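Everything on this sheet refers to the single structure shown next.
Should a chain be cited, it is by its letter among A, B, C and D, assigned in written order, with residues numbered from 1 in that chain.
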Amino acid sequence: MKTGLIGFGKTGKAVASVLLQSQETKLQWVVRRSHSLEHRSVPEFLGIESKEPGLIYSKDEYTAADLIRRMPVDVIIDFSSEDGLEYYGQAAADEGIAVVSAISAYHQDKIELLQRLSEKTRVLWSPNITIGINFLIIAAKILKKIAPYTDIEVIEEHFKAKPEISGTAKKIAQALTLEEENIKVVRAGGIIGVHEILFGFPYQTVRLRHESISREAFGNGVLFAARHLLDKPNGLYTMEDLLTPYFQLDATLPERRLDTA
Amino acid sequence: MKTGLIGFGKTGKAVASVLLQSQETKLQWVVRRSHSLEHRSVPEFLGIESKEPGLIYSKDEYTAADLIRRMPVDVIIDFSSEDGLEYYGQAAADEGIAVVSAISAYHQDKIELLQRLSEKTRVLWSPNITIGINFLIIAAKILKKIAPYTDIEVIEEHFKAKPEISGTAKKIAQALTLEEENIKVVRAGGIIGVHEILFGFPYQTVRLRHESISREAFGNGVLFAARHLLDKPNGLYTMEDLLTPYFQLDATLPERRLDTA
Amino acid sequence: MKTGLIGFGKTGKAVASVLLQSQETKLQWVVRRSHSLEHRSVPEFLGIESKEPGLIYSKDEYTAADLIRRMPVDVIIDFSSEDGLEYYGQAAADEGIAVVSAISAYHQDKIELLQRLSEKTRVLWSPNITIGINFLIIAAKILKKIAPYTDIEVIEEHFKAKPEISGTAKKIAQALTLEEENIKVVRAGGIIGVHEILFGFPYQTVRLRHESISREAFGNGVLFAARHLLDKPNGLYTMEDLLTPYFQLDATLPERRLDTA
Amino acid sequence: MKTGLIGFGKTGKAVASVLLQSQETKLQWVVRRSHSLEHRSVPEFLGIESKEPGLIYSKDEYTAADLIRRMPVDVIIDFSSEDGLEYYGQAAADEGIAVVSAISAYHQDKIELLQRLSEKTRVLWSPNITIGINFLIIAAKILKKIAPYTDIEVIEEHFKAKPEISGTAKKIAQALTLEEENIKVVRAGGIIGVHEILFGFPYQTVRLRHESISREAFGNGVLFAARHLLDKPNGLYTMEDLLTPYFQLDATLPERRLDTA
């Protein structure tokens, strides 16, 4: 699976590092807005041994169509900003290249663009592309169906400088139809990111807790997304769509299970 | 839904208290091995206001068949011991009364008896009948399928006097095909019961954590089990079987979801 | 150590149960406002085997002075309400009987009364008399002195019905000169009580966490308080005053410690 | 405060980065065994803007005495290996330069060398030099004195590849005279480092928990150690010795405190 990366900020670098170290993907190129680091090799820059090309280009040097012609890819991964889509979107759709976008928020016109592109290729958009968080959201929705009488609270902890309420906590609250007052925001020191969904039963408590260790977690989410997207028909997907099939359980007859227990 | 309860030890009492306070069930009687408390009223004994009959009988006074004839029930709930089944099993099967058994362990002959009874009525057997623990086990099995490369550890904490490794922790380990050495056993003070399933990803951690507040949690599990069992065909069920349908997710088209997001 | 207890609500009963089970104390009597349970034996009522007298009186039957003359005590323990003090205060001071009051809040006139009484006997007043919480507050104040640049947040979790912000969380915030907005209030299900003081350092986090299992925790705090109070001169004390001496560390010469390490 | 650093492995680099970003210290030089990076500037290498000299030398280029003469320092910080001491120890003692060593373990002959050096200068040795862990150990020892009847368990969590039982967990166990079986070792994914000391009371639980976010935490510990060491007389110190004075509490009269409460 050949990949191209749009964006090379802190998270872009962390994702590039995971891609380079994975056997599953070959990082062909990185495109960024800035001219700094132009034509540098990503493996060399990050100090990772790898024979993957991974050269850095400014978006002014080639159009996406030209770049893809010179160095074809199967998936384009976007950790840039809302505008990144303008650069590569049409070219990806024309060539049937899958798109994995981790942009936090798109305006309505960009969402419509994503939808048009998704008629011609597979597009995944997920603002928080970690497996852990997306798993937690689905699991929490299920537990709420099972026990609708529980009280649900969300506790999110981040470093002091992070402005109020993480996007992920808001997404959790939305998925569970909670009010914003059910999100408890802790800001202290250098905490990278903790999200806990607490279910209060009358006589027991269930906590679904996710702790981020580093930005590289997004890289593993990208690998999961890219791998699963390639099998799918054209369309616009979320991480939840890719995780959902794992929640379909066997309906083995109970008797058989007890026999072998 | 009329219920009869077998067993009136500490957990039996806690379950009776939840049953009495629920609008869904009417506690008709309690049968126990001991003659103490004979003919006492459960509501009066537990100090709960309730008009439900709930009289306490020794099992020597009536056979189960006689008792059921005098005071019919829809569900028999068993928190006694392995031998309780001998008392009421055949009578329940003959009358098509559902059975909810929370006995920790049965020998093979008793499991076979459960299976024979389940040809004539609905039987649920679950050693840990809380919703929280059973939800956690299913969710953990799904997460393991999604991310088979994670390291899974189980941490269980209980009061000092509890002998090594809880049955629930063993069941979790079995469900996830872990070794016993992956269970970390903490014994201290009066901790009622904590089970945490920890998934270590390279750059993130997911913790699924269950904390027991009191034995009454079993009562809520019983209510859930009884309510769901009554709709089911004859057969032998586990809590997992009753929870599984909640894990079947809608396959709404992704485009529609984004439109309304 | 002979004790008398004022108040026999839920917490009073839990404290009585701990006192009866302790070898250190003999529960002489309980005084309550209500006439119900009059002249019942506490051990019998609570189902605890004990030869301690522990009879229940209404405060209308005897004055405190009369009761003390008939059944002398070393310590009076107050889990009633603000008005309890009127009943026994002067009599305790006159006889030099130690007082342990766990009343949540006193008005200024009652605080002045406590101070006057404390000229003639040893008086301890602590709204949250658990060892754990009081230890945590002192430890947190020390850590704040060591690392004044850390961000401190308090997370408190209680059952759904508890009105906003626990008194203990407020006391923690006051002791650490935090704002009320630094207290994160979680309300869900049947959580008995969790208080966590989180210190955010730039590259590490320290969490001081207290979890209540049951009201009996107050009983152990009372035992600690009563035991330590009897050695002290007359005066008005808090739990912190009794814990402080444990924080005075040996100043062994460092060389000696390394030799024996 | 001018500092020199011995060792430039992963932790050495993290510590250098904290030193460069602190206003309190000026990093004069780094000495390492390897010749790679020789004469590179630490700020430039780490991408940190700073006017501090911070040049990297191999230990073969200058003796410590020569280096100190050319670029004097107040404190030498050692994150190398047991042998680092041979390089700089005598020179530091001769010049009265304070030493902060974070070497995990020294053999007996090296400990004796530390003691001899400490007759002529201030020497601090701490295998885990974070403020958080050392605070936790002292606080835990105090809580054990207050409540000797509690059950204490230590839970330590680290990344999968870390060999059994962290040195810090062993030190905690030793400080609290626990057995090794009281340490529960969790190994999963990329967990950087968690240590929890759990106190089980009969009806409450206290958890003292430390979570490492990154190696830079050692840098803050070094700053604390260096700052406090400069005021001290010659001698051999541990982090505990420097933290101890913070545990000496005011003995304000209780009455005064209540007045102002």
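Simple rule for what comes next: contacts are C-beta pairs under 8 Å (C-beta built on N, C-alpha and C of every residue); 3 or more make two chains touch, one makes a residue touch a chain.
Predicted model only: the values in this text are computed from it and were never measured.
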Neighbouring chains shared between subunit A and subunit D, ordered by label: B, C
Return the chains shared as contacts by subunit A and subunit B, ordered by label. C, D
Which is it for copies subunit C and subunit D: same residues on both faces, with over half shared, or different residues? same
Using mean CA coordinates as chain centres, what's the gap between subunit B and subunit D in Å? 50
Subunit B to subunit C, mean C-alpha position gap in Å, rounds to 38
If I count partner chains per residue in subunit B, which residues reach a count of at least 2? 189-191, 199, 201-205, 213-214
Which of the residues in subunit A come into contact with subunit B in the complex? 111, 114-115, 118, 125, 130-132, 135-136, 138-139, 142-143, 145-147, 199, 201-217, 219-220, 224, 235-238, 241, 243-244, 246-249, 251, 253-255, 257-258
Any idea which subunit A residues touch subunit D in the complex? 189-192, 213-214
Using the touch definition up top, name the residues of subunit D that touch subunit B in the complex. 150-153, 155, 157, 159-160, 184-191, 198-205
